[in-house]
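In the part that follows, the structures are each spelled out as structure tokens.
In what comes next, chain A is part of two complexes: it sits with chain B in the first one and with chain C in the second one.
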Partner chain A sequence: MLELKHVWKSYRIGALGSKRLTAVRDVSIDIAPGEVLSVVGESGSGKTTIGKMVLQLTSVTRGEILLDGEDVTAHGHAERKAYYRKVQGVFQDPFSSYNPIFKADRIFETVRESYFPGVKRAEWTARVEDVLQGVRLDPGSVLDKYPHQLSGGQLQRMLIARALLLDIKVLVADEIISMLDASTRIDVLNLLGELKERGLGVLFITHDLSLANYISERVVIMRHGAVVEAGATGKVFTDPRHPYSRNLLASVPQLHRKWSDGTAEPEALEPDGDRDVAPPPLTEVDEHHWVAAAP
Partner chain B sequence: MSAEVVLQTERIGRRHEHLYFALRNPKVAIGLAIVLALLLLGLFGPFFLSDSPNEYVGPKSEAPSGEYWFGTTYFGQDVFTQFVHGLRSSYLVGTLGGGISFVIGLAVGFTAGYRGGMVDEVLNMITNVVLVLPALAVLIVISSYLEVRGVVSQAVIIGIFSWPWVARAVRAQTFTLANRDYVDLARLTGKRSWQIIVREIMPNMASYLLMSMILLFGGAILFAAMLDFIGLGPANAVSLGTMMQQSMAWSSLHLGMWWWFVPPGLAITLIVGALYITNVGLDEVFNPKLREM
Partner chain C sequence: MTLEVADLQVHYRTLKGDVRALDGVSFSLADGEIVGLAGESGCGKTTLGKSLIRLDGRMRHVGGTAVLDGDELPIGDDKAMNARRWKEVSIIPQYSMSALNPTRKIGKMIAELLRARGKSYREFKDELVRRLELVGLTEKVLDNYPIELSGGMKQRVVMVLSTLLDPSLLIADEVTSALDVTNQRAVAETLVRFRDMGFVKSMIVVTHDLSLVYQIADTIMVMYAGRIVEKAPAETIIKSPKHPYTRALIGALPEVGLEYGDERLQSIPGKPPHLLNPPTGCRFRARCPLASEECEAEPPTVTVEAGHEVSCWKAN
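On to the complex of A and B.
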């Protein structure tokens, strides 16, 4: 459904855009309806940039992004607006996603203004309460409140509810639970699972491997802007082939192991080289399992 | 019961909080009272007095009396009539000049801060050029070349040259606010750039904008007085500055005619001083850390 084909992104930085920084290198991924695809990587690996490009908050330098086979690059405001009917996003910081001086339920009101100006107030209120119950929030306790009166988990769920007011096909979830405390995390995560059941495609961007394992069928591991390993979650996590993936997996703290037991020595990795050359190609090592060739 | 009361007050509190503290802040109250009193005098005074403040109506160099409240000039013009008309033109210059610079400053600042990139570099360059122009020198040159110098043209010139510091501050603030996620979220709701600026970014800096409006207003009045005093004021109207310039030109100081130059000087000081006090008071209102109560 959503498809990224050989997507590159480079930013101009410095005075008058004299230098370039390549954030995403030749990334090709696709999401099917009813599927959660996790993009995992360290800070600066380009995973957030991918989310921003899908949401058209930043432009694509090379390559193309297709939705149902059509290029999504919007020309003009009307096309962009129509695109956001189908693709929506939720961001990392729930408190930054709300304008602090307005009430939190204003996010629903702006959706009505933009997309459903003809809907009557009573009918709209019913719809909002409906989607709020859909994300298991009590409308009475979250409506008519300021963002600082609500918890991070409530705010993130309201953002998901906002996306559900539109008839979306793809949801970009950029680190949506990394700023929540542990007890509310699992609720939001389970909510993503329910969206999957409804037939939505979810692009789940995270740095946390265990979350990726919990929620997604397929996973893409990124490093220095390029994909190093991709495939079915079970295969990648049980049999990581790329040294970076192995390091990542080894660095996840586990319940039955203590620091005093000794830490595994991480494998040596190639340093960040020239980002403008194409990254090593992916080769299929197993069914539904691709790994970047060692340089 | 008590929980409900807390919720209730909180709801009312937030909406009217600023107004509540503003009206109870003595600095804001005193400052606004002075500014408004002089404004009312300037607005409605002329209706009860002569339309031509430069008319020779009475004895020359008369001290203040029941008939001529502020006395008369060296030529026998009524100083009070001139004063009231002068107030009116000072407020006009302040509103118009301050308004023009406010609009330009906001437009440039928001565009540069929100668009970023090349647009920002160019606008920022222009801002810096205008900022380092010796404004007074430029104003003197332009004013002396104008064929007819009126209050309005003076206000326009002042407005065109006093926006850069507003633009710079607005640009810097916009840079910070434009990176918040709620701006991205507004984009995802299909909002246009100007809607995002007006409805998401601007309300967050409302207090700053209000204060810069006040400072621009006072600055324009002061600038106009300065131009008037060196003889580049409006040729066809009376202003507080031209009154002082006239009184100096006919050496009222040496003749002991204090009633000629004290009222306009005091009025300018009062207006600008009161605006400054209001500004300090508003700062306390918007910034709870500075509140004394």
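On to the complex of A and C.
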């Protein structure tokens, strides 16, 4: 459904944009309907830039992004608006996604104003209550409240509900769990699981490997802007082939294994080199399991 | 016994009344012990950490005592605490990346801090450099401005700085939350190393991440709504938790290395009570699957086995 083909992104940085930083290098991924694809990486790996490009918050330098076979690059306001009917995003910090001066349910009203001006108020209220129930929120306890009166988990689920008011096909979820408490984060994760059962494609961007392991069928591990390993979650996490993936997995704190039980020192990795050179190609090492070749 | 805290009560004053962030907290800390303090946001874990060094002017110390190395800490008195801070009690703050003065080179900032304590930078310089090298930094960082360092490097500078005077008690408040997994592990293991090398005698590690604290702590305390609900050796808390809240927290934690398929974990329904007017009896009972009538009364603290204490009616 959503497809990224050899996508590159370079930012201009430094005084007056005198330098260039290549943040995403030759990334090709695809998401099918009813699938959660996790993009995992450390800060600076380019994972958020991928989300931004899919949401057209930043342009693509090279390569293309296709939705149902058509290039998504929007020209002008109308095309962009039509695109956002199909693709929406939810971000890390729920508290800064809302304007604290207004009540939180204003986010639904703005959707009505721009996308459904013809819908009668009574019908609209019914629709809002419907999507709220869909994300397991009690409309009575979240409507007509200010953002500070609601918890992070509630706000985050309202933002997902807002996206569902539009008949979206793809949801970009960029670190939507990291600011939430252990007791509520699992609710939001399980909600993503339900969305995929409804046929939505979810691009789940995270630095937390345990969340990716829990929710997604397929996972992509990124380093220095390029994909180092990709494939079925079970295969990548139980049998990581790239030294970087192995280091990452060894660092994740777990409840059934202590770091001190592990033996090996972290493996040596090649340093960040010239980012304008194409990254090593992916080779298939197993069914549904690709690894970047050693340079 | 390094630290002995008895019946600590700390409130925040608001327009609507006092928020009872800590409501009768008692625990002790042995020499060389690393204790992990875990819980949801708003449970009072950061307040507990900060109240022992009295870093926040809005805190009102209502009752209780803290005795460090046989000497009572004046935790209700800002001025008197000043002489103890850094030398006896030190803290690595939650946002230590922004704790460094951006207008000073790191070396100069440390020199100024030492001078403010009546110490000479020259005397400490060799030790400072030795410790920086220990955490993988070179002497060169002293000539850098904070902006020139990465997040993980800044975190390590602050760790070295906080422990430079060999405090007896170190409070590490969410030190790994803003870091990547690999940095997280490096920083957590450095904390253990500092303890092993005797830079700090004992440590309280405040975090919301149970799996991380399990890696480094000897003892874990779980807090809920201003109180400690369970305290036990790290292994015991994770392998055989007794309090329903601890069990629910562990049950809601997805992990790497397990295959979930279509299996779904359970969250904890509801949210913690407001501490402006906390409920009587067990504070977890509104969300607890085991709650019954007896939970309306204050739960007893039961010692399940040596070192494992639970505040719950159902502990047996």
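Side notes on the structure shown:
As a convention for this text, the second predicted complex is superposed on the first by the 287 of 295 C-alpha atoms of A that agree within 3 Å, B and C clash if a C-alpha of one lies under 4 Å from a C-alpha of the other, contacts with A are read in each partner's own complex, and residues count from 1 in each chain.
We take it that a residue touches a chain if its C-beta (ideal position, glycine included) is under 8 Å from a C-beta of that chain, and two chains touch if they have at least 3 such contacts.
Since the model is a prediction, treat every value here as computed from it, not as a measurement.
With the two structures aligned on chain A, chain B fits next to chain C without clashing. Of the two partners chain B and chain C, more residues of chain A are touched by C. Shared-chain residue A:Leu21: touches no atom of chain B or chain C. Judged by the touch definition given at the top, the superposed model places A:Ala32 against neither chain B nor chain C. In the superposition on chain A, contact of A:Val119 is made with neither chain B nor chain C. Shared-chain residue A:Ser96: touches chain B; no touch with chain C. By the touch criterion stated above, A:His256 is placed in contact with chain C alone, chain B being left untouched. Legend: residue contacts after superposition of the two complexes on their common chain; A:Ala278 is shown touching neither chain B nor chain C.
The three-chain arrangement built by superposing both structures on chain A places chain B and chain C 80° apart around the Cα centre of chain A, to the nearest 10. Of the two partner chains, neither chain B nor chain C is touched by A:Ile13.
Once both structures are fitted on chain A, no C-alpha atom of chain B lies closer than 10 Å to one of chain C.
Note: no residue of chain A belongs to the chain B contact set and to the chain C contact set alike, using the contact criterion stated above. Against chain A, in their complex, chain C makes its touches with residues 40-41, 151, 180-182, 184-185, 188-189, 208-212, 214-215, 238, 248-250, 252-260, 264-268, 271. In the complex of the two chains, the chain B residues touching chain A come out as 14, 117-118, 121, 180-182, 184-192, 200, 203-204. Residues 42-43, 151, 181-187, 189-190, 193, 207-211, 213-215, 234, 237-238, 247-249, 251-260, 266 of chain A touch chain C in their complex. Residues 12, 16-17, 55, 57, 77, 80-81, 84, 88-89, 91-93, 96-102, 107, 110-111, 114-115, 146, 159 of chain A are the ones that touch chain B when the two sit in their complex.
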